[in-house]
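Structures given as structure tokens follow.
In what follows, subunit A forms one complex with subunit B and a second complex with subunit C.
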Partner chain A sequence: MTTTQGSGDIRLVDVSKQFGSSYAVKNVNLTIPHGSYCCLLGPSGCGKTTILRMIAGHETPSAGEIFIGDQMVVGKRPVERGTAMMFQSYALFPHLSILDNVAFYLKMRDVGKTERRERAREMLARVQLEHLKDRMPAQLSGGQQQRVALARSLITNPKVLLLDEPLSALDEFLRLKMREELKRLQNDLGITFVHVTHTQPEAIALADMVVVMDTGRIDQADTANMIFNEPETPYVARFMGGQNVLSGTVASRAADLVRVRAASGALYEARPDKAAKVPAEGAPVSLAVRRDRIALSPRAEGGPVVNAVSGVVEATEYQGTYVKVTIATEDGSIFVANVSDDAYFASPVDTGDAVTARFRPEHLHFLSKVDTGAAGDPYLDAH
Partner chain B sequence: MTPSSTNRSGWAAYLQVAPLTLVLICFFAVPVALVVIVSFFRYQMLVGIVPTFTVKNYVDLFTNPTTWTLYASTLKFTLIVLVVTFVLGFWIAYFLVFHIRNLVTAIGLFLVCTVPFWTSNIIRMISWRPVLGREGLINSALQNAGITSQPIDWLLYSDFSVVVAYVHLFTLFMIVPIFNSMARIDKALLEAAIDAGASRFGVIWEVVLPLSKTGIALGALFVVTLVMGDFFVVTVMSGGLSGSATSGIFNDLQFLNYPRAAANAVILLITVLLIAAGIFRLVDVRKELVR
Partner chain C sequence: MSASPSYGARPWTFYVLATLFTLFVIFLYGPMISVLVLSFQGPSGSLVFPLREPSLMWFQELFSPRRTGDVAGAFGRSLPLALLVMLMTVLISVTAGFAFRRRFRGSTVIFYMAIASLIVPGLVLSIGTLVTFRYLGLSASWITSGLGAHLSWALPFGLLIMFAVLGRLNPAYEEAAYDLGASRWRTVKDVVVPIVFPGMIAVALFGFTLSYDEFPRSWLTVGTKNTLPLEIWTMTTNVTSPALYALGTVTTIVSFLVIALALSAILLIQRRRSTGK
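So, the complex of A and B:
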């Protein structure tokens, strides 16, 4: 393959998209560096596909500007943008053979029949499907169709490859295999990949940059590690699935220890790192603690306990390397502890047992937004 | 499954298709067979049908130049109407399916297409007279605007008015199947084509048109059979100046010459079947319908 021309960094500046009176995307600002693997992550209806389609040029923003490289691309056709899109349904032309599907772009550029078939064959060989070149799309399996779609996108020699939920139609085994292949391909080609998904592990495994979206806006855009370990908002903390969110008001703050008093009367002590923004005394605050940083013990009797949540075990789920223990707390919320299998089987707990979950001050992480428990957040109630 | 139950389910299957088979036999196979048989009978003036085998009816028809003229005229109309209804039907269906984003609006506009069918054939045809006639809407408008000084004669009672009436009557039969085919095209295919650099025309030519083939073939079949089978529209709208293959049959029937009418009908049937076979050769409708 020839080297790609120009830079594939993408900038969205105050981009909004309105359908009728409702916003699918509102005032989004985002910069995706050239050659990175970026995952747009969020539940369905959060606007992630709309952003992808606006970058691709299949949707025009109601307001704002989109740059690819140093070119303002709003109003430009997809080929002029240097983007190629891989559709969720693969969108292979059902009336054309695999070879002609891949050669379609070349045909549109008036490349002669022999040459375009030759180049399409080379591209099919890249995705190891040369032997199927004369088949029709309906005769291929889902995984093969996807490779054809990939070949058809790559033959345009794009600066940016846009993937709309590329793995969602595959079974688990193929999904993992294809995931690795996509990552390797992105490494080989060195172009920008923008990948829309609603699956957290997929985003974490693939992305250099994860963009977590909530209804029409970006909650956090960062490396997978930062998103997972240091979520900024309660929404991100919950959506990524690995965190418990606790709320209260700041009772006292010192340089290395902040005390937070919960509505239930429980006291949390946290050691904020330098970067964390700790609100003033008396202000409401939310904290997150990772599920796997929690120790369980039988219910403690007696006086007040710091950094502990008590409740009744609602469910236990064996996950191989750890056990997921769901606890219904005294104030009616849900708290989840992922206990390593060694620790769990050393002192097992069962449904209905009264337990106390404890965590260490340095594992409490300050969120920049207070948990409002607002409706419209579909992940608030998800355990 | 045991052999006996296989047997029983086999019988059940025959039983299930029996009603339709009976209907087809009684109302299709038997009448067609009768027509074919009668076409080989002899016709004798004042006596009527004489049941002796003869090919005279066919020889008569093939040696009569009127037959050839009527068929040539019918085929000419068929071809013109086919082209016009295809162009109209394709663009109207394309507009309805791909340009109207709102489904309710699309269905509403689709219903508007059927408005002409709320009145009878005859009224729809006759309503063209005040439009196309010598003193009609178009002629008076042209004259009042000073574009023409004389009324244009070829608007009514001409091939032109026949084509106008056919197009008016039959375009919907083209729109419906094409609309149906197009509605099943995944919109992502159009975007994929644009993504691969296809122009608007390229998308239509390379993607929409090939994927609407089934609808076009079915629509063409409707239009061909309707135009080939018509004698009423052509007689009324041409003022009796033009005829169609079916007019020949009608004339024979009026003279009670049933054998020749039957022979004429068989020839017409074979012609239409040949055209249909041609259409099906171009598009494998059955395969596409199962898809």
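So, the complex of A and C:
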């Protein structure tokens, strides 16, 4: 394979897409560096696929500009953009053999039959499917079809490969296998991959850059580690699934200790790192704490307790290495603790038990937005 | 679930429905077989059973115009007419099908207007066409007014089939082609048409047989020269020989040939797709 020319970094500048009177994507600004593996993550209807399709040239933005490298690509054909898209359904042409599917791009460029078949064979060898070259798409398994779709996209020698939920049609075993293969392929090729998914573990496992989306806008674009450990908004914290969100007002702030008073009267003490933006005294604030940084004990009686949430165990779910304990708190919200199996079986709790969950000041993380509660946030109760 | 479940002995309704189906088959194929057999009637045979001294004499009789009317001429008009209707139905249905994939202003109204001719009685349409042609000072002929009347019957069927076929066509195929650098025209030629080809054959088949068999819409619209169904009808009133049966056999064979041709084309495509060569 020849090396790709030009940079594959992608810049979206104030991009909006309107369907009728509603916005699928609104004022999105995003830069995806060349050679990175970027995952657009969000629930269905959040606009992630629309962004992908606008980068691909299958959708035209209502407003804004899209750059690939230093080229403004709005209005250009996919081949001119240097993009190639892999469709969710793979869209292999049912009337063409595997070989001719892969050779389709070359056929459209009027490359002679012998040469294009030879090059398609090489590309199929790259995805270890050369032995199936004379089969028809319907005779292949889902995983094989996906590799053919990959080969068909890669033969265009793209700077950017766009993948629309590429793993969603596969069973769990194949999904994990293909996930590794995609990552390896991206490493080998060194081109930009943009991958749309609604599955958090997929994004975390693959991406150099995770873009979390919510109803037409980007909530956070960062490394997987940052998204998971330091979510900026309550939505991201909840959507990524590993966090509890607590809210209150700032009661006092010192250099290394901030006290937050919850509406229920509970007091949280946090040790913010230097980067955290702590609002002024008296201002509302939301905090997140990871589910696996929580210790459970039987309900504490008596005096005020700092950094603790009390409630009744609503459900326990064994997960192998840990136990997920769902607690209905006194103020009616849900708090989840993932307790390691050792700790859990040392002092098990059961549904209906009164418990107190405790966490350490350094594990409380400040969110840049205040939690607005259930309205418009379908993940509030998705525990 | 393992094998198919067993419900014990067959209920009485099974025998009722089996009898009904047997009657249906007899009514469907009985007349056809009777005509087929009697078309080989010998010189001493009559219009009814039994079959005496089987021969091919009535087939020869069929193609001598002075005895039985202009069968060869009628066939020479019906065949090109049916082929023309077939061609136009395919062409118009496919292109209209593409247009209707994108909802446009008034598309529903246009759709219902196109389909409405299915419920207009054929004889009424025939009269109406003749009256209109007279009013416009044109003379009716199988290739002008006849063609139009037949299209008013075949086109709605073609449209309905093509809408169903294209409605199931995943737009991702066209997007994939576009993504791989195909122009509009090459997307149609190299991707869409090959994928919907079996549907196009079905439309062609409908176009051909609907025109080839058509009586009511031909009645007053073909002008002075008859198409085959009209010729057969005329013969039933003035020919009283088994030549009539011979004609029935020949036209049935032509219909079967066309259907067999179309079906084998579909089968061939499907086989190619499933075996890979």
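We adopt the following convention: the second predicted complex is superposed on the first by the 382 of 383 C-alpha atoms of A that agree within 3 Å, B and C clash if a C-alpha of one lies under 4 Å from a C-alpha of the other, contacts with A are read in each partner's own complex, and residues count from 1 in each chain.
The working rule: a residue touches a chain if its C-beta (ideal position, glycine included) is under 8 Å from a C-beta of that chain, and two chains touch if they have at least 3 such contacts.
None of these values were measured; they are calculated from a predicted model.
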| item | value |
| --- | --- |
| Clash-or-fit label for the pair subunit B, subunit C on subunit A | clash |
| Subunit B versus subunit C as contact partner of A:R77, first or second or both or neither | both |
| First (subunit B), second (subunit C), both or neither touched by A:Y105 | both |
| First, second, both or neither for A:R135, with subunit B first and subunit C second | second |
| Touched partner set for A:T156, first subunit B, second subunit C, both or neither | both |
| Partner chain in contact with A:V309 - subunit B first, subunit C second, else both or neither | neither |
| Touched partner set for A:S97, first subunit B, second subunit C, both or neither | second |
| Partner chain(s) touched by A:I294 [first = subunit B, second = subunit C, both, neither] | neither |
| Touching partner for A:A120 - first (subunit B), second (subunit C), both, neither | neither |
| Doubly contacted residues of subunit A, that is, touched by subunit B and again by subunit C | 56, 58, 77-79, 83-85, 87-89, 91, 93-95, 104-105, 107-109, 138, 152-153, 156 |
| Residues of subunit B that touch subunit A when the two form their complex | 186, 188-189, 191-199, 202, 206-207, 210-211, 291 |
| Contacting residues of subunit A [partner subunit B, same complex] | 56, 58, 77-79, 83-85, 87-89, 91-95, 104-105, 107-109, 138, 152-153, 156 |
| Touching residues on subunit A, where the partner in the complex is subunit C | 56-58, 77-79, 83-85, 87-89, 91, 93-97, 104-105, 107-109, 134-136, 138-139, 152-153, 156 |
| Contact set on subunit C toward subunit A in their complex | 170, 172-173, 175-183, 186, 190-191, 194-195, 197, 269, 273-277 |
